[in-house]
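Input: structures, listed below.
Paired with chain B in one complex and with chain C in the other, chain A is shared by the two complexes that follow.
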Partner chain A sequence: MSNTILRYVVDDISKDLKQVADDKKIERAQVAYWVLMVGNRLKSQHIQKRDSGMFLHTYVGVPVEKVASSSNPNTVEGRKRIKLPASIFDFNKDRGIDYISYWIDDEVDCPPEFTNKTFTRTTPKTSAILYMDEYTKPSPSNPYWYLTGMEYVYFLGIEKVDVESIEIGLYSTFDPLTEIDLDAPFDFPEELLNVLKRQVLDLGRFVLQIPEERRNDGVSTTPAENIPTQKLISVNDSVNKSEE
Partner chain B sequence: MNFSEHDFIAPDEILAEVVMNTGEKRLETVSKGFIYSQMNKCLEELSYHTFFDVQSKVFTFPSSQILDIPARVFNVREIYGYSGDSCTTSNSTNIYWKRNFYINGNGAVARSKTDNWNDPFYGGSGIDKRYRAFVPRDVYTDAVGRAASQLYYYGYEKGQLHFSNECKKFSNLLIKFNGIWSVDPSKPSIPRYFRQVVTDWCSERVLRAKKAEDINKWRLLWSDYAGALDRNGFNGSWYQAESIVKRMGTKEREDLNEYLSRLNY
Partner chain C sequence: MIQVQNLVDLMKFELDAEGSDRYLFETDYKPAINSAMNWLVSVFNKAFEQNKLTGENLRDLIKTRVWVANNFSRIKFDEAVVNETLWSFMAVMPQPIVYPTQTPPTLPNDYTSIFMADVAFAGSDFSASKSTIEKWNENKLNVFEPGNVSLQNQLANYSYLTEIDYSTDTTYLQDSEIEIRPDVSGQFVGITYLKVPTDVSTVNDSIEFPATLTTLMVQKSLNFISIKQGDNTTLFSVTENDVNRLVQIMN
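Right, the complex of A and B next:
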């Protein structure tokens, strides 16, 4: 478990930016938003560099639904799918999803199901080729998944069997600011906290350097004498043409 | 088949090694089914090139005298006709191949038939008395004096075996073929002595697929496994697998050597 909570990071940065008094220009929520924004970037780079389970989150009993009626985009009638239980990083080859498997909770003393009935990744287009070979054809013992959009994972091969729920392992992004608990452990590599802090401070400093006149306060600063009062007429207009 | 029916390894054992060899632990470029399919292709190729699998099949003698060769076998090795059933085999006889012999409807045609009626080149054969007086012929009978028309023979046409009239006296046929091996991913189904060649074959094929995605990254490793397999040469696991099959049947060779070297037969 992380030793750090999000509140420490946010308050630390707010204090360094001298934005803690009641006349502060940067709200704490804004700093928290920056921390999550920069944190997501650093965390995604970290996960891709390391073969580690530190930031893998497993969700069990994720319900499989059969879509009742189509709606655009990404909802297709008759297909089986799940709604992703958390937002994921968009890694190459959908590696934001580490695995998906059947999960049966009423068996005892059996090896975990995720070790032998795992789904294999595919894409809607390449899945057509899978049906051309007896061995690669999607089936309950050889099922596939594909991701469409940011929310749904669809399945191939379990159309005719009753799979109520699955287990899924995700590399997920931070929850939205509106849902995050400032006092929960901060799900972030500890060794990158100084990088995170530095980047957020840079961001804050940049924002504070933006001069007041760059901001639109709705007041015109153009001197009155410079404001044209007559209609502008082209030099080629017949009014400006001489006899010669 | 000169190996135990109880000594197979599971396709998953090979799969486990192949995914490690090829950096496909996540099965992203190729699927599990692709690798099973490659195992099957490797065993198919070995079936054709080494004839390692020999299968006996029993058929009820077809009333049409034409037997369709079943799927997943090739190369007829032996044919016997017999009476009785699987418990009591009697009057079993070897059935010989006859050149250019085909069943056609209720009759049969052949380039050389017993009578060869009006054929300017082939004389009649056998002891069919109806023609003896009119047509000069080379009289041929087998060891017990049967005419050619009374012999057991078959011809081959378009995946079918055509049997002579006389074969109708048999109720069953036992035919040995070479089999085309198939891999069942759900159970041990790969002969143990083919472990290395199947592993190398699958590794090479997986890397071939990965090479198609990123040639610079995978060509070197692919080349290693293409060398390890050495499909058309003599220094890889393919040649070793062929050698293993060819070395089998030691007792048959020993016995044959002994028999031939006695010189007093």
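Right, the complex of A and C next:
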């Protein structure tokens, strides 16, 4: 379990940016958003580099639905699918989904439920080829899944059996800002916290350098002596070019 | 607190009027002291606007009380009910912990907020920042601005809009109210406010300004007395200089 909670990270950075007073220019929600944004990038790189289950999240009992009517995009009538229980990283070959499995009572030695029937990944485009070979043909004992869009996973091979729910293992991104729990353990590699902090501080520093005059507050705060009174001339203007 | 008797004694000393009936409490000192208090309220108002003063300067006038917001997430500071005259709101604190622990009472109707005279404010994790009328609507859906309605979790960022009269003749019978966002309808809200100091009526009263303002009160009260003496009196110029110097130091 992580020794850090998101609140510590956000408050640490807010304090360093001197944005903790009532007239702060960067709100805590914005710092939290930056932390999640940079954190997702660092975490995805970390997961891709390591063969580790540290950030694999298992969801059981994810309900399978049969789509009643089509609507564009990504909803096709008659197909079985699940709604992803969490947002996932878009790794190569859909590796944000580590595994999908379901239980069917046809085994004698009773292996663990999640190893009973494991789905194999495919894509809509290559699905047709699967049906050309008896050994690859989708079936209840050899089911497939494919991802379309960011929300839904569709299945092949379980069309004629009653599968109520599946188990899925995901490499998921952080919860959205509107649902994040500041006091939950921060699901992030602790050895990368200093990199995260530095990158968010850089973001904050850049933001704080944006001049106040860029905001239209209806008030001119520029001292009169700083307002240019002479015509500004480009360095490329002919008057600034000298003959070689 | 500043004892009025103490102020009067110091003023008599500067006027060299000890043992004299030249200046009387009812006709001279009391109006001068009350005028000085009103003047100080004006000066402090300006200083507050410029964030040059903190609440510590007026600790005897700061109160925190608890209200229940109406169904429009608004609260009316009813001076008759609170029994104090409002000077300025200093902080609005949603989701307070209250003592004794209890749930908010049911609102009598949609538009009436309730002042909780017997409930004490014990703390809150939230503080609402003040918004302007122009920003109020624009920021409603901006997740990074105070007063947005998108964040309702621990990152909720409350804001309040200054007192506005939303009343109608028949359907919304209220006076000026502050409005708080995200919605706090039917919930407790702690409000820290400054009350206007109570006018002096007798020499045995106390003024609810801190004792550190005694000199300023003396000088300004004398300044008002000097106005009656005609222009260009020594007392006027001396006190005027002192008052200006003190106000500059405070700012």
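By definition in this document, the second predicted complex is superposed on the first by the 205 of 244 C-alpha atoms of A that agree within 3 Å, B and C clash if a C-alpha of one lies under 4 Å from a C-alpha of the other, contacts with A are read in each partner's own complex, and residues count from 1 in each chain.
One rule holds for everything that comes next: contacts are C-beta pairs under 8 Å (C-beta built on N, C-alpha and C of every residue); 3 or more make two chains touch, one makes a residue touch a chain.
It should be emphasised that the depicted structure is a prediction, and the values quoted were computed from it without experimental measurement.
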Overlay on chain A: chain C relative to chain B, clash or fit: fit
Contacts of A:T122 with chain B and chain C, given as first, second, both or neither: first
Touching partner for A:N142 - first (chain B), second (chain C), both, neither: first
Partner chain in contact with A:F55 - chain B first, chain C second, else both or neither: neither
Partner chain in contact with A:D22 - chain B first, chain C second, else both or neither: second
Touched partner set for A:Q30, first chain B, second chain C, both or neither: second
Chain B versus chain C as contact partner of A:D183, first or second or both or neither: second
Distance of closest approach, chain C and chain B, by C-alpha atoms in Å: 39
Complex contacts: residues of chain C adjacent to chain A: 51, 127, 129, 143-146, 150-155, 157
Residue ranges of chain B in contact with chain A within the complex: 26-28, 31-34, 36-37, 40, 185-186
Touching residues on chain A, where the partner in the complex is chain C: 7, 22-23, 27-30, 32-33, 177-183
Touching residues (chain side chain A, partner chain B) in the complex: 93, 95, 120-122, 130, 133-137, 141-142, 144
